[in-house]
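Consider the two complexes below, in which chain A is the common component and chain B and chain C are the respective partners.
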Partner chain A sequence: MADAATAVATTEMTVEMIKASQIGMKALGASIAVGSTGIATGLAEMAIGSAAVGATAENKDVFGLVLLLTVIPETIVIFGLVVALLLLF
Partner chain B sequence: MFTPEGMTRVLIAATKSQMEPVIREMYRQHLFHIEEFVEKDKKEYEGYRIGTPLPQANETSRELLRLRGINNAFMIRDEEEETGERRKHAQLTELIERELPPLEQEVEDLLSRRSRLDSQIKEYEQKIDGLKPFNSVPFDLELLRDYQTFSVFCGYISRDLSLDIPHEIFTTESKKERFIVLVVSNQHRSIAEHALQNAQFQAVPLPEETGPATNRIGYYEGQVLSVKGEFEEINRRLEEIKKQHKAFFLACNELLTSDVEMAEAPLRFATTGESFIVEGWVPTKELDTFRQGIHYATGGKVYVYELDQSEVEDVAPTEYHNVSFAKPTELLMDTYSRPRYSELDPTLLVSIIFPIFFGIILGDVGYGIILLVLSLGLRKFITGDEGKRLLNVLRNASISSIIFGILFSECFGFALPWSSILFSRHLNIGGHAGGHGPDVTSLMMMAIWIGILQITLGRMLGMANHARQDHGSHRIKAVMANLGWIMVLWGILFMLWAAFPMPLMPDFTELPGVVMGLNLSSILGIVLILLGVIFIVRDSALEIVELPTILSHTLSYARLVGVGLSSVAIAMVVNFIAIGLIIEPQLESLTAFGVIVIIMGALVFVIGHLLNTILGMLGGGLQSLRLQYVEFFTKFYKGGGKKYTPFGMKKRFLED
Partner chain C sequence: MAEVRGGPVPYIYVCTRMRVRKSKLIPREEYLRMLNMGLSEITRFIEETQYKKEIDELATVFHGIDLIEIALSWNLAKEYQNIQKITPGTLKDLTRAYLRRWDIQNILTIIRGKLHNERPGKIKEVLVPAGELDKAFLDRMIEEPTPERIIESLKGKAEYPLLSRLFEGGVREELLPKAENELYKQFYADLIAMARSGIKGGRQFLNYITFDIDITNIRNMFRFRADQSSEDITIAIIPDGTIPPHEIKRIMQIRDQNEFIDELVRLVRVRVLLDLLETLRKEKSIREIEIDLIKVQLAEMETMSKLHPFSIHPILAYLEMKKYEIFNLRALARGKESNLSSDRIKGYLVM
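Then we have the complex of A and B:
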C-alpha cells in the first residue's frame, strides 16, 4: 500500500488510472491463483495418474476407484478458480 | 428401493441319483446363486469332498471347444447377435449329433486349406521381394553363381565406388539407391571388399533362380494371382456357410455351453460317496417358486432347507432392487463398488442428484440438445448392455442440462430472450453480455448450500447404515459419531452466521449478546461443535484429524459453479472470436475475400463449440460423479458387495 501511495504521489495518477490499475492487479491476482493451483494439481495428478493407469492395466475392476483417486487433487485448482472468481466479480 | 433384493440362504441335500435333475432344474430356473464349497476343516462338512463332473462333461466340452474354434474363425460373437427364431432343445440335440460334425469337418478342412494357401502366398511374395533388386539386370541369374575363380557381389551402394583392379560391373540407378552387380577375380577379392565397404555396400542375397529376374517375377506374380483366386473362393464358401448356418452355430454354442456348465456344476458341490449338499442364495420373493420347481423335478426326493441368516458366515450376494428410472445408474455404482447386502443402496439418490449436478455445471440449452441427440443417436451403434446404460445416464443428464439452461438463460453462451431465472452466469466477454456480469457470490452460496445438504444427508445415511450393520455398544457409538459430524458442520455454520452477514444465509449478527459478546447463535454453534467432537472422539480418537475435511468437502462443492463458469467463459470466448472478431467486421462491407473469412469464422464457431461440448461433458460428468464418490459416499458408503450371479443362463437362441 505504501508503494502504491508513493507511486500516486510521484506520478500524479488520475482516479481513472488508479481504478484501471486496480482492475489489472485483480486480474493478475486471479491469474496467479488459477495458474499456480493448476500447476499444483497437475503435479499431484501426475504421479497418481500414471500409477492409476498401471493399476488398471493389471486389474480392470479398480478403474472406478483409481479414477476417483486421480481426481482428488482437482480440489486444489477448484479452490484457485473459486478465489479467482471471487476476486474478479 | 434403498435396500438390495432380499436373499434367503438355502441348503439342498439329496442322494447322488438326484444330482442331475436338481442341476437341470436349478439351471432352468436361473435363480440359485451357488456358494462354492471349499474343502476346509469346517466341522459340519467333515468327510465331504468336492464333487466330480457328470460323466458327459468331457465329451461335451471337447465338442464345445471345437465349435468355439469355428465361431472364432467366423468371428461370430453371441453377445453381438440379434436373437432370431428360437430352436427347440430336443430337435437341436439331434441336429448336433447328425449335422454338426460333417459341417465342422468341412469348415475345418476349408480353414486348413486357407491357411496353407496363405502361407504359399507369403512364400511367393517373399521370392518376389528377393528378386525385385535384380529386375533391371539384363542377364540370366544362373550366370552369376557357381564360379570357382570369380567372386560376385550384388547389392546397394550409397557412395561412388572406385576400383583399380580388373573387374566387370553392372550398375542400375533408381531415385533413391544404386544397385550393382560386381565381378572380380578371386585374387582381388579382398581389395574389392575393402572398396565396397568404403562405398557403404549392403549385400543382397542372390536368388536361387534361373533365367532373367523379370521373367521369374512375372511367373511368381502369376502364381500369387492364381493362389489368391483359390483363397477368395474358399473365403466365399466360408462366408456362404456362415450366412447359412450362423443361427445354428449360435444355438449350438448356447446349448453346449449350458450342457458344459451343468456337467461341471458338481465341482462346486460338497459330496460324499452317495449324497451331495449344495448351499446358495435365492431371492426371498422367488423362494416358493424355487422350492416347488425342485420338488416337482425330483418327485420330492430332495431336502430343501432354509438357513437362518444368523446361522451362516458368508454374506449374501447383492442384486439391485431399483425402480426402472434408477437402473442405468447402477453402472455408476458398479464402477465405484457394488453395495454390500446389509448396506443402504444409494443408487436412486445418485440417479437423481447426478443429473442435477451435471445440469448445474453444464446448464446450456444448446449443449444439452447436442448431448441429448448424441445419446439418442448412438443407441443404434452401441449394442452392449453397459453402453446402453451409459447412454441412458447421458440422456438424463442432458435433459437436466437443458432445464438448467432455460433457468440460466443460456444457449451456446448466448443469452436467451429472458433473463436468468436462477442466478446469472453471463460473463462480460467482448461486451457481448450486458448487465452486471455473473452473480458469482450467490452462485457460490447456492453450491455451498447444496454441499451442506448433501453432506448432512450422507451423514444421516451413515447413521442408518451403522444402525443396520453394527451390533452392541459399537453400534451406538458409530451412530453418535455420525451425528457428531453433522453437529460440528452445523455448529461451524451457526458460528459463521453469528459473525458475518452472508447472502443466501441467515443473518444472526444482529442478535443481542448473551455472554462475553457472544450471541445465542455463536453459543449454540460452540455447544454443537464441542458435543460433536466428543461424539466423534468416543468412536475413534484418530478421526479428529479428519475434522478439516468438513470445510474442504463443503467448499469442494464450489466446483459446481467454478467448472460451470469456465465452460460458459469458453463458450462466450468462442462466440466473441468467431462472430465479434471474424464475421461481423466482414459483414460491414462484403467482399469475395470476406465470404471466405466468414466461412472461416463459422468453422471456428463450430469447432470451438464442439470442443466445449466434449469438455463440458467430461468436466460435468467427472466432476459431478466425483462429488458423489468422494464427498457423498465417504460419509456412509463402503461397498464391496458380491454380485448375485444365479446358476444358469438367459436363453437367447433356444426355447426355454
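Then we have the complex of A and C:
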C-alpha cells in the first residue's frame, strides 16, 4: 500500500515543482549563510567592541585604531553575503 | 542598583580599562631619572602625570613633602573609589571586599593618632579613604574625643565586633598590634569565605587570596627571624594559606638559614616563590627580602591576569601596582627630603 502511495506522489511531482523547490533550497542556503555569519560577526564584535570602548574611555587617542579593529569581524558576514549571492545568482 | 548583566561584556570593558591604566603607570626608567632629581623637580614631574589634578588643588595649601604625600594619598583613594564604581556585578563585590584592608589601616591609624594626641588635621593627612569607610565617615571618626568613642562609632561595620571585644577594658597602646593581627586574620577569613560561597569568579579570587596569604606569612616568618623575636609566630600567621600554621611554627624553630630555606621550599608550591627562596640563602637584609617578595607577588599577579584576562585578576593586579607606585613616589620624596643617597633610596623602590 505504502509503495503504491509513494509511486503516486512521485508521479505527481512536475518539473515546475522541482524547479521551485530548488529555488527554495537556494534561498534557504543563502539565508543560513548570511544569518549564521551575521551572528558570528556579532559575537566577535561584542568582545572587541566592549574592549574598544574601555580603551577609548581611558585614552581617546586610540579611537581611530579601535574602531578599525572593531569592524574587522565584518569580513565574516561579507563572506556569508558573497556565498549567498553566489547561491542566488 | 540592579545587578549589571550582559554576559562577558562588562568584564571585558573593565579589564581593558585596568590594562590601559596599568600601561600608564610610571615605568622603571622614569624612577631612575627621578632618583637624580630634587624634591621640587619630582613634584613638577608628578604634576605632569596623572597626579596633576591633586597637585594643582593642593598646591595653594601645602608645600614640599606634605604636598606630595597628600596628593598621592588623595589620588590613590580617588582611583580606588573610581574602580569600585566602574566594576560590574560580582567583580564589584570582590573588589570592595578586597579594599576593606584600607579600612583596617585607617581605623588603626586614627586610634593610634588619638592615643598619641595627634591633632585631627595631621591624622587626616595620612588616611587613605579607599575602602568602605568614606571620607565623611573617617572625618567623623577623627572628631571623636576618645579612642573608645571611635570604636563605638564603628557599630554596624565588620570590624566592630572584634574591636569591641578586644578593647573591652579600654583602648591601650600595647593591645594595638594584637588588634591589627586579629583584624587582618578576620579580613582574610572573610575574603576566603566569600570566595568559597559560590560567587561568580570566586575560584580565581581564592587563588589570589591564598597566594597573598602565603606571601604575607613568608614575609612575617622572615621578619620574626630578622628580629630574633621570642614571640609565638602563630599570633601573626594567617590561616588558610597553602602552608599550614603548625608547619610554620615548626620550621621557625630551625636556626640555620639553609636548613630553614630547605624546609620552606618543601612546603611552598608556587614556582616563582621557589625560585625566590633559592636566592634568599645568602645573607640579605629584611628590607631587601620584603622588596623581593613584593616583586614576586606583582609578577605572579601579572601572570594570573594573563591566564584569566577577564576575571578579578587584572583588577587586583592594577590595584596592587598602583599602590606600589604610590609607595615608590612617597619613598622617593621622603628620601630626597631626608637627603638620602640615590642608591639608598633605590633600595626602597619596587621597580
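To be clear about the criterion, the second predicted complex is superposed on the first by the 77 of 89 C-alpha atoms of A that agree within 3 Å, B and C clash if a C-alpha of one lies under 4 Å from a C-alpha of the other, contacts with A are read in each partner's own complex, and residues count from 1 in each chain.
Note that in this section a contact is a pair of C-beta atoms (placed from the backbone, for glycine too) under 8 Å apart; a residue touches a chain by one contact, two chains touch by 3 or more.
Keep in mind the model is a prediction, meaning the values are calculated, not measured.
The superposed arrangement places chain B and chain C next to each other on chain A without a clash. In the superposition on chain A, contact of A:G54 is made with chain C only, not with chain B. Contact with neither chain B nor chain C is seen for A:L28 once the two complexes are overlaid on the shared chain.
By the touch criterion defined above, A:L68 reaches chain B but does not reach chain C. Set against each other, chain B and chain C differ in how many residues of chain A they touch, and the higher count belongs to B. In the superposition on chain A, contact of A:M46 is made with chain C only, not with chain B. In the overlay built on the shared chain, the residue A:I18 is in contact with neither chain B nor chain C. Per the superposed model, the minimal spacing between any CA atom of chain B and any CA atom of chain C is 7 Å. Common to the chain B-facing and chain C-facing surfaces of chain A is no residue whatsoever.
Taken in their complex, chain C has these residues touching chain A: 7-10, 12-17, 20-21, 24. Interface residues of chain A, counted against chain B in their complex, comprise 63-65, 67-68, 71-72, 74-75, 78-79, 81-82, 85-86, 88-89.
Partner chain C is touched in their complex by these residues of chain A: 46-47, 50-51, 53-55, 57-59. Across the complex, chain B meets chain A through its residues 334-337, 437-441, 444, 552, 555-556, 558-559, 561-563, 565-566, 622-623, 626, 629-630.
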